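Dropping the structures in below, format is structure tokens.
Two complexes come next, and they have one chain in common, subunit A, joined by subunit B in the first and subunit C in the second.
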Partner chain A sequence: MVTLDPVSSRLPDAARGPAPSAWRSRRGLRQWLWGDWRSRLATCVLALVLVMAIAAPLIARYSPTAQDFIPFRGPSSAHWLGTDDLGRDVWSRLVYGARASIEAAGIAVCLALAIGVPIGLIAGFRGGWVDAVLMRIADTVLSFPGIILAIAITAVLGPGLVHSMLAVGIVFSPSIARLMRSQVLVTKERLYVDAAVSFGNPPSRTVARHIVPNSIQPVVIQATFMLGLAVIAEASLSFVGLGVQYPSPSFGGMLQSASQFISVHPFGVYPPGVAIALIVLAFNALGDSLRDVLDPLASTRRAARLAARASTRRGHRPEAPGGRHVPEGH
Partner chain B sequence: MAAALEVRNLSVYFQTPEGEVQAVRDLSLTVAAGEIVGLVGESGSGKSVTALAIMGLLPPSVSRTSGSALLGDRDLLALAPDRLVKARGRDISMIFQEPMTALDPLFRIGDQITETVRAHHRVSRRAAADRAIRILTDVGLPDPAARVRAYPHQLSGGMRQRVMIAIALVSEPAVLIADEPTTSLDVTVQAQILGLLAELSRAHGTAVVLITHDLGVVAETCSRVHTMYAGEIVEECSVDEALLAPKHPYTSGLIQAIPRAEKRRQPLYSIPGRVPPLTAMPSGCRFEPRCEHASESCRAAQPLERRDGRAVRCGRHGELTLPGAASGVDQ
Partner chain C sequence: MRRLLLERAVWLVPTLLLATFGVFWLIHLAPGDPAITLAGENATARQIAAIRHELGLDQPFLLQYWHWLTHAWRGNLGTSLNTREGVAGAIGHALPVTLQLVLGGLLLAAVLGTIAGIVSARRAGTSTDAAVSTLASAGAAIPSFWLGLVLISMFALGTHWFPATGSVALTSNPGQALRHLVLPSIALGVSGAAEIARQLRAVLIDILGSDHIRTLRAKGLSERRIVWLHALKGAAVPLMTIVGLQVSRFLGAAVVVEAVFGISGIGSLVVGAAQNHDYPVVEGVVVVMALIVIVVNFAVDVSYRIFDPRIR
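Here is the complex of A and B:
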């Protein structure tokens, strides 16, 4: 009979390291962040925001709370984006605000994953009454409008960036849990899970090695979209005064004070507003391209749908617009 | 010959909204080391349920088993869950019908083999990887040193089934249950895989339970065959006896349903009707509603009669002469 001797002669690279999977490959990463113009733009925007957030003290030209007592100045060489109602430099506040925004998004999404993934996994894997109880709790949380619930939780915890983001994380967690559960329900019925059990894997390893990796991809994609949502949530809560506390800068707070003086200094709403829009768009674009990388079939289906739509449109106008030469299939 | 696996009076029950139904009734089966035993029957006859019950893979929330499955002196059906986990893969293993979906698509096949090795043996990653390459060589996968790095989608169906066999046999189990291992493969590959199973069984003394609906597969590989119908064993005998002189009308029907070159231009034989639903089993012979030889006496329950090393569950087997593979030709 064959014995398991510890001496190894030929060893493949793959058998040494941990198990690889789709998104760990370098090609997948490049495709995600640099695959087309949208993802490139989004990567650039987020890289910029990240650099601003990390190196805020080096990039900001003034302290975000320093005043020079001339409010509502337009952009100039001294103040690139002008000054706000208290004469503070808007560019400097924007740079520090980016830091708050990224921090907030990170905390909220990490918390949502930390709560949602285990709950969804347990609910989907155990089923029965465990599933019923956990999902009714999730339903209860989902039945509140998100922002109202976040305001309520922040009111209980007390205002502040971390508290408000814990609230947003809690609000986001049921949708993660539901997504994870639905994936686990599908995955646990797969033959390879039964096969893994029949080859002698204990339940814990079957779950960790086969069910979780095969269920997590949509959750990761959803989490990317949630980063964008969390930026909006942070801005909203800071706008109503529950997030980042005065006088620390945040996009929401800046937008709030600028909106009060919109008739005097209409330019003031643009820097924070555009910053929020860009960051959210960037996260969404990266979520999109991540989905294209992880679920190539979905993007093929979408491409087919778009092509079908384009061909019906071409039916009305014989010439394809934009000068792009599209070979006709018929 | 010592029995590697001895299943005694196995019954499997499922909870359904209409109440408890019995999917397998009083099934007994013995496999000796190095022997390949066939379990044949059409879809819904309870073959796969039997396999899953022996492996302990049926969901305990909706199913119940009685009887015993002895592996040496241990009863698989009565083992504590953690002992059962240890027994699976090391003492008894299973390969599945669909090699296309039985491998985890996210992991390289080398990792899936080493996972099983390391589940049962305290060996280093390197030793396990080396073992993976050796077992892949054993199952005839070309270029195994490179193939361990392949993902399942990069392999053909036949290669994947070879990998499945490799994983199932890597820890040298005493018993292998093969649930329709060749159904989704084309005939050439099917013959190769069956040949491989027979060879490995001989070489390692593995007892194999080969589940199939194809008597052709049985004829090629097995020494004995159990015919199963509606959750019961209806006939048990050697393969030659089953093919040449079947005693149960169902076995005979299955043999005649095999397409044969001599019977070209004739309509293909099929047994009329279908397996009765578990909720509406006939109280007497379960095959009676579909049997062309049915008579009044068949309404009574039929015991499995043992004589001369074969067993048959048909009260009329003495008076019937049923067509087998040879007599089927000139029909």
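Here is the complex of A and C:
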């Protein structure tokens, strides 16, 4: 839906054909990653972080755990971001911390998608009691404050990067399921789905060829925002000692040790914090621009939906307005 | 109206049952045997079996849940494996500290977010709007606990304006308590303020363009009156929704903010319990937090009917 043709955009949703797959076209990709200055900046930041994460041993100038240097040094040519309380090179730890952070975000969001997409698909496609039961469970999980539920799950699984991020993935999954379900409910009423069914396609083929591809776009947008939330969740859990374990470097762990010596060496707080903020901003910017590319009408429709909710809301648990909220990550 | 509220309140019961059952089941999956932990290192198999029996761990799972549920209903959430104290008592000590912090953050987020949302909606498309939006996206991307660290280094250690750590109960010494609350509340509240500002802006722009506002303008009402009285009233329902969602977010974020400011609330309780495999405490905290969120959601739901009589 990169180009809007004036006729079809005025038609009601169900009358429009399958959404042109903007994200498979090179033009859509370019507009997403390079469309305006915000998305360009975000792409650059994330490309840099990805390179840092993949080629960490080449980019880090020292071992992230080597305690070879004088502690609490400020930035210098030998140590770009100074040294920490144990005399470790902060830049090297930051590079490896970025690796942990990207890994963590990937694990959490992949698990959330792996749980949420099938559940939302089943709930929306089957409907009836299956839908009622699944959504009741999703609502129940959503009624726990996310971080606290993640802490409880980590307590059961045991601390560590993978375990804590599996916990975060579980916490994220009901929002994905809810979003997927609401999309499937719309998609399965479309004319082209009726057509596919009446041509004699088996349900599995209809789902795979028509319903999933035309329902998944908002889920992908949501997942992009979730990557940022997962980065904050990783930092939070590592900060309280349930995520990445000492002495492995992570943003949260670096902030933990910097916070203990904040009166001696306040600078130590800044490198990991700024890194987190930049990564999260970049994911959010890419999520915004992806939404603009895939769904140019979203902003107008969102406003209309909010107005409609304001006047006709009935007693259901509110869903997040704006479509960007996921149960908290920090 | 009253019947409707009652009907909605009855719906809280299955949600709560499902939530408690889920948590109980999760904790049941945990590796390790609490009886072995309690018995200590030199316990005989017989002693362990006796403790298992005492705790009811030799009973079927559903029966254990039923016992836990009936005890919880009477306010008994079990005993901590580490301190041997009642879980309900420990939560009772920690909860006011956390709620005080969450309320502080919520108040700040609501006031700051509403003002920022109104300013940017009224000046939509101008450089003021762009500046507020940029600040809001930055505020949403900064982890609240890191903001707490920055605030400590600037305003507690740098200038000594505010204490760096600890907390005081509002009931014992309100002045000191507020001084202790300022920095953690800002740390907690900024991300919420950003979210509220962003969403309120969208809602208000929509409302300010609607027909009834045009009529009010034609009537000659001052712009200030229109925005603060009429438009904001129209935005009350979405605003309550957003603020309600922040309660759940803040309860979670408070865990980490407490760790930064050395506040011994729910956060330090649940994190310590998670690290020491003190499952009854984890269980109790999660259930109490879910209870708070469910009650807040209910209150938000009720508030819709107060703000907008058209909603049944």
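The definition used in the following text is that the second predicted complex is superposed on the first by the 277 of 330 C-alpha atoms of A that agree within 3 Å, B and C clash if a C-alpha of one lies under 4 Å from a C-alpha of the other, contacts with A are read in each partner's own complex, and residues count from 1 in each chain.
Assume a contact is a pair of C-beta atoms (placed from the backbone, for glycine too) under 8 Å apart; a residue touches a chain by one contact, two chains touch by 3 or more.
It should be emphasised that the depicted structure is a prediction, and the values quoted were computed from it without experimental measurement.
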item: Touched partner set for A:Ile153, first subunit B, second subunit C, both or neither; value: second
item: Partner with the higher number of touched subunit A residues, subunit C or subunit B; value: C
item: First, second, both or neither for A:Ala195, with subunit B first and subunit C second; value: first
item: Subunit B versus subunit C as contact partner of A:Asp36, first or second or both or neither; value: neither
item: Touched partner set for A:Gly128, first subunit B, second subunit C, both or neither; value: first
item: Subunit C contact footprint on subunit A (complex, rising order); value: 136-137, 139-141, 143-149, 151-156, 158-159, 228, 232, 235-236, 239-242, 255, 258-259, 262-263, 266, 269-270, 272-273, 276-277, 280-281, 284-285, 299, 302-304, 306-307, 309-315, 317-318, 320-322, 325, 327-328, 330
item: Contact footprint of subunit B on subunit A as seen in their complex; value: 1-2, 4-16, 19-22, 127-128, 190-192, 194-203, 205, 209-210, 213-214
item: Residue ranges of subunit B in contact with subunit A within the complex; value: 55, 57, 61, 82, 85-90, 93-94, 96, 98, 101-108, 110-111, 114-117, 119-121, 123-135, 145-146, 148-149, 164, 167-168, 171-172, 204
item: Touch list for subunit C against partner subunit A, complex; value: 4, 8, 14-15, 18-19, 22-23, 26-27, 29-31, 137-138, 140-146, 149-150, 152-153, 157-158, 191, 195, 198-199, 202-203, 205-207, 210, 234-235, 237-238, 241-242, 244-245, 248-249, 251-253, 255-256, 259-260, 267, 270-271, 273-275, 277, 279, 282-283, 285-286, 289-290, 293-294, 297, 300-301, 304, 308, 310-312
